[in-house]
Amino acid sequence: MRQIVIKPRRGFRVPVEAERISPDVFAPLSIEEIRSLQVWEGNRKVTLSDLFEISGESEPAPPEETVISLSGDFSGVKRIGENMTCGKIAVAGDVGMHAGNGMAGGEILIEGNAGGWLGREMRGGKIAVLGDAGDYVGAGYRGESCGMRGGEIRIEGSAGDYLGEHLCGGTITVVGDAGDFPGIANRGGTIVIGGDAHLPGAEMASGTITVRGRARVLPSFQRLETVEIDGLRFDKFLGDLVDGGKGELYAASVEEG
Amino acid sequence: MIIEGGIVYDPKNGVLGEEMDVSIEDGRVVEESRDGEKIDARGMLVLPGGVDAHAHIAGGKVNTGRIMRPEDGRRGTEPRTKLLRPSTGYTVPNCYAIGYRYARLGYTIAFEAATPILEARHTHEELEEIPIVDKGALTLFGNNWEVLECVRDGDLDKLAAFVAWGLRASRGYGVKVVNPGGGEAWGFGGNVKGIDDPVPSFNVTPREIIRYLMKANEALRLPHSVHLHTNNLGKPGNYETTLATLRAVEDIAASRDRQVLHVTHMQFSAYGGTGWKDFESKASEIADYFNKHDQFTMDMGQLIFGSATTMTADAPLEYANARLLKAKWSNHDIELEESSGVVPIVYGRKNPINAIQWAIGLELALLTEDPWQMIMTTDHPNGGPFVNYPEVIALLMSRPKREEELATLHELASKRSSLPTIEREMDWNEVAIVTRAGPAKILGLPEKGHLGVGADGDVSIYEIDPEKVDPSRDHKEVKAALARAKYTIKGGEVVVRDGEIVAVPQGRTYWVDASVPEDQAAKVEADLASKFAKYYSIQMSNYMVQDAYVTRPRVIKAGVI
Amino acid sequence: MIVEDVLCPFCGCLCDDIKVEVEDGRIVGVKRACRLGSSKFMGHERISGPMVRRDGELTETTYDEAYDRAAQILKAAKRPLLYGWCSTVCETAKKGILLAEEVGGVIDSTATVCHGPSIIGIEEKGLAGSTLGQVKNRADLIVFWGANPAEAHPRHTMRYSSNSTGMFTPEGRGGRKVVVVDVRRTRTAKNADKFILIRPGTDYEVISALRMIVKGKGDLIPDTVAGIPKSDLEEVAGMMLAAKFGAVLIGLGLTHSRGRYKNVDNALSLVADLNGFTKFVVLAMRGHYNVAGFGQVCAWETGYPMAVDLARGAPYFNPGETAACDLLARKEADAMMVVAADPASNFPRATVEAMAEIPVIQVDPFPNPTTFLADVVIPTAVCGIEAEGTAYRMDGLSLRMKKVVDSGLPTDEEVVENILDRVRRLADDN
Amino acid sequence: MVIILKAIMISGRTLGQGASLEAKTSPEFFKATSICALSESDYDDLGISGEANVLVRTEFGEVVVSARKDDGLPPGVIFIPMGPWANAVVGMDTGGCGTPLFKGTEAEVEGTKMRVKDIQELFADLLRRGGDRS
């Protein structure tokens, strides 16, 4: 394994766009070449080493044997691990928006919180967040009919609104609460929410959403039966009938009124 | 400027692949240039600048497509440079991308195909932003209340006066008719089912609307003929409507040396079958008819696999599309004048309908014997974006390419069309006709589409040697060369070199100013004053497109003498 | 002198029939305009002259110095935000977008605190709309959802909607039904045939229930939806299905409430559903007279209607990330230029605090709280009264605004162009 | 004892606010905008009368505005015209779509003897903070 360690030299008030921080990009490069990769700080083109201290083995290695360790506050750094296909990124801290954009394989572990659009349009691989995640986890780009198509996202804390919007595949697990409209327009993905959710599964055509806490359920969902999963009783709903959906929604507790 | 030694195809002037020089001075082709600039075109193909007679490139519909499709916007993104504004979009590019991409293809003029008078100001705002190419807009008349009333009252003179007024009000170039009567019916959610189905509330039929508008068009001696999008477009079995429409106007004569009617994006109007299950091509029936009736012309409306954005004044069609595809749907009805719709679509190779549609466009182009009756288009972005023109040309020039493609398509493309049996391969002269000389003649643009003395100095030069390359076999080379002009010259200025934009001049906007007798004009004004007082939501004085919106006009005079 | 058919530079109605009386180069009377429009024509206190902040105080200066300062601020910024553009003409917006490209900025309009969510909804579902005249001539049912034209668009009902007359609507209000859905009984609601009072933040659920009923699945929904008896919803759905031409006119009640763009998204779906049975259109009741125009210009120039990030030279669009309030909430903007808008008043307080920490350039005819925070203040002519240009009505119709009187002040467009020129010169120097 | 009303705060356009929209420093704008409308029952429940002021508090801030009765408001919903007074208590979260939640903030309302700040006063503390002014 080749490990590259990256530490911010300072805080970033202006966001940094660093889609080059990816095992696929780093793998064939020497450490010096990695340092001189171009990233953007707002409207300024800078090199990676202008903003970050970079250390690690100098010799190139295959991407699947490349581990990128991010140490410090990366909450102002966007697009980390974009389109990565293998290897690993481990973040000891927070990350900014769009981490794991279009990711097809490999692994991202975030010990802190993740910004919005985590795993946007993800196709494969794994993302784990020990803290909270922002809005649009595993969602699509605006106007697209598909968000995440495959892979796994697990969030130990809570997630923001529009979790898994336009989900077309893959699995998202949120141990805490989800915000408004988790699984909206779901087209075949699986979402498990440990806590509460507001209007889950709106417009879903297929797929499964499980809310182990309390959910406010749309009037366009039909309550079918009570089922037991892992020792917890759930109301099972079919929906979203407003668009002829055949998705399954399980809610342990339903908000009335 | 002298373009030296290229292999020139200039069909209008009978130049068929001759090695010769082309001289340009003060923006026009001249016998001999004293100016020093020389362009070495030896071993290269030299054509007049491309002419796009039908594309949706500006105005409300196009911008609606952009606004509702950010996912399209992000495709084709290119950052700004010192010379260029940024580009975005594939099916609905921003204005700059439209100009740059036409220029890179070697096209130097393009016509927006459908503009309602009420919203023409918007169309011109966008046309003004499209760089490099010349442009114009066709004005929609087929569902306008004033038109319907003139037809109902049988008042051809007043109709002609209104058409002249409407062209001036919209700074429009020609008469576009889309699903005549259907757009008005859509005002209450209806449609017309054929050319003899009366339009609700107005008691006129599409047949009458088309005939009257054609007669008015010819009375005004407009440079272009009526430009028709047929009723029932996009529906299985519609070839019968298309043929019925043509038969209904066989007696009308053209007032100028051109067609009397142009039927646009014929691919969408050449369908057989009673439904989608037995959907089939009727391209050969349509082409047979055209081969016997040289007073009519058409354009292909070729389908391109992949993403497209359908946009048309045929609003009921778009609603049907959206429901069928479960796609997002925009609609825009325009008071007293038109309706329109926008729906994204992805054409799939393995989709039997799309595969047959793809074959139909090619059949039409190849079975119509006279290339002067046919224009190569994709009905951008309905059949697909115009950047795919090189693909279409390669298909027209190469039977092996067509066979390669057919092998990747749903088998019904071969079974329900005659495309596999068609041997014809267009040559460079025919390509020059269907992309340059033909559309220029059909539009009535004597200074475009050729390289004779006095023509506009619009030239495209491609890095392909017609004497060495066999387009049938080397179709990939053809496509690659056409996609990236070695040089595009616009008005005597090099705007593209080696496929890159090197200058960004502003083109001109064509519009037609047709004169009519004063008494007829007065009758129209009186009618309109009443309509504005009662029905329009704006004042008549704020209606007409002001000169500020057409800053570089090229005004073509026409009218009743 | 009476100037006829003047366009009103206030709300999205963009009324174009105003009569303005001018004497000695001053407006002395206005006819036909509503209270909002008249007030604007008759004039307000103006910014006295260009100013720059020195030692904490705004101090009068020359236009040249103001332009120079503005250019320096924008050029120095890594994340400049160029905001506003809706109470001005399209010609200003065009120059503004070019300026944003030149300085690698983010450009956004007041739609972001208005109908921005409606646009995001349109990106999901499309917009089944029409011009306002189509509503006037045909609509026999008007539904105002979260919209209160009686106060926000006072002439809307008379000119275009409930009370207008047209070809197929000769009886005007008498031949129409009006439904209002809102969280309070507004002045508009008081004129309705049917008023549905909903709880704030329940729009989405109520629309879903209506869609179920419209699609014949009403028996599957509960007896009450967010507190509303099903029978009320059935009555509204029945009115919708009975209409020959219905118009749903949506307001900020949808976009500013919980659910935001998804509320609009669902309303657009309802209208699409209804078109399977009868004719329906939906229109957003846009606020500023040219907020629609900025969206149009921005779309044809950059491909996107608002919230466009040009930092990397290629347009990038993602409200939630690239909208004005996003940048300020995350304190990432390091300079701000405000043209024809007042974010200090209209943004949440905590967002405004971020403005107070960065250099702010204001281009506007009128003093307002944004002036209090500005470092450079550049007064301009009032578009549509003292300057001509293009504006787009709420339904997307473009019209040319007139110049009625001369102010001697530069136009917004000229100011932006002057700053652009100076930015380019700074670039050349480097 | 101070009576505290829990309510949902919404903001929006009014004619008066609109007519003085471009005259933000005018007394008309102050009069039209620095107010809070309450349902009659909520108003009465607060134990206030006449030209009373109320303090509106949310998790994002607080503001003093003058109270009005509005028979169109249901109990539990309060209305402040759009503008800086309303925005003093609106949160900055943009809900992933760029737009703050101008309608629907949970608020507490109580009668107060405190004065309504005029527009200059409302921004006074922001002015003092001023950032890099070089």
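Per-chain numbering from 1; labels A, B, C and D assigned in written order.
Keep this in mind: a contact is a pair of C-beta atoms (placed from the backbone, for glycine too) under 8 Å apart; a residue touches a chain by one contact, two chains touch by 3 or more.
Source: prediction; values computed, not measured.
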Any chain that touches chain C and chain B: A
Looking at A-B and A-C, which pair shares more C-beta contacts? A-C
Chain closest to the middle [Cα centroid of all protein chains]: C
Rounded to the nearest Å, the gap separating the Cα centres of chain B and chain D is 56
Between chain A and chain B, the Cα-mean centres are separated in Å by 45
What is the distance in Å between the mean C-alpha positions of chain A and chain C? 33
Go ahead and note the Å separation of the Cα centroids belonging to chain C and chain D. 22
Numbers and ranges of chain A residues touching at least 2 other chains: 116, 135-136, 141-143, 180
Please output the residue numbers of chain C that touch at least 2 other chains, ranges allowed. 120, 123-124, 258, 310, 312, 317, 319-320
For chain B, residue numbers touching 2 or more other chains are 68-70, 74
Give every touching pair of chains, nothing left out. A-B, A-C, A-D, B-C, C-D
Within their complex, chain C touches chain A through residues 77-80, 103-105, 120, 123-124, 204-205, 208-209, 211-212, 215, 217, 220-222, 224-227, 258-259, 262, 266, 269, 310-312, 317-321, 330-332, 334
Residue numbers of chain B touching chain C in their complex, please. 58, 60, 62-64, 66-70, 73-74, 77-80, 85-86, 88-89, 92-96, 118-119, 121-122, 125-126, 129, 145, 186-189, 201, 319, 322-323, 327-336, 339, 342-343, 534-539, 541-542, 546, 548
In the complex, go through chain B and note every residue touching chain A. 68-72, 74
Within their complex, state which residues of chain A touch chain B. 141-144
Would you pull the chain C residues touching chain D in the complex into a rising list? 10-11, 35-36, 39-40, 44-45, 53, 56, 87, 108, 112-113, 116-117, 120, 148, 150-152, 154, 183-187, 189-190, 197, 200-201, 252-253, 255-258, 260-261, 287, 306-307, 319-320, 322-326, 328-329, 342, 344-353, 355-359, 365-369, 372-373, 375
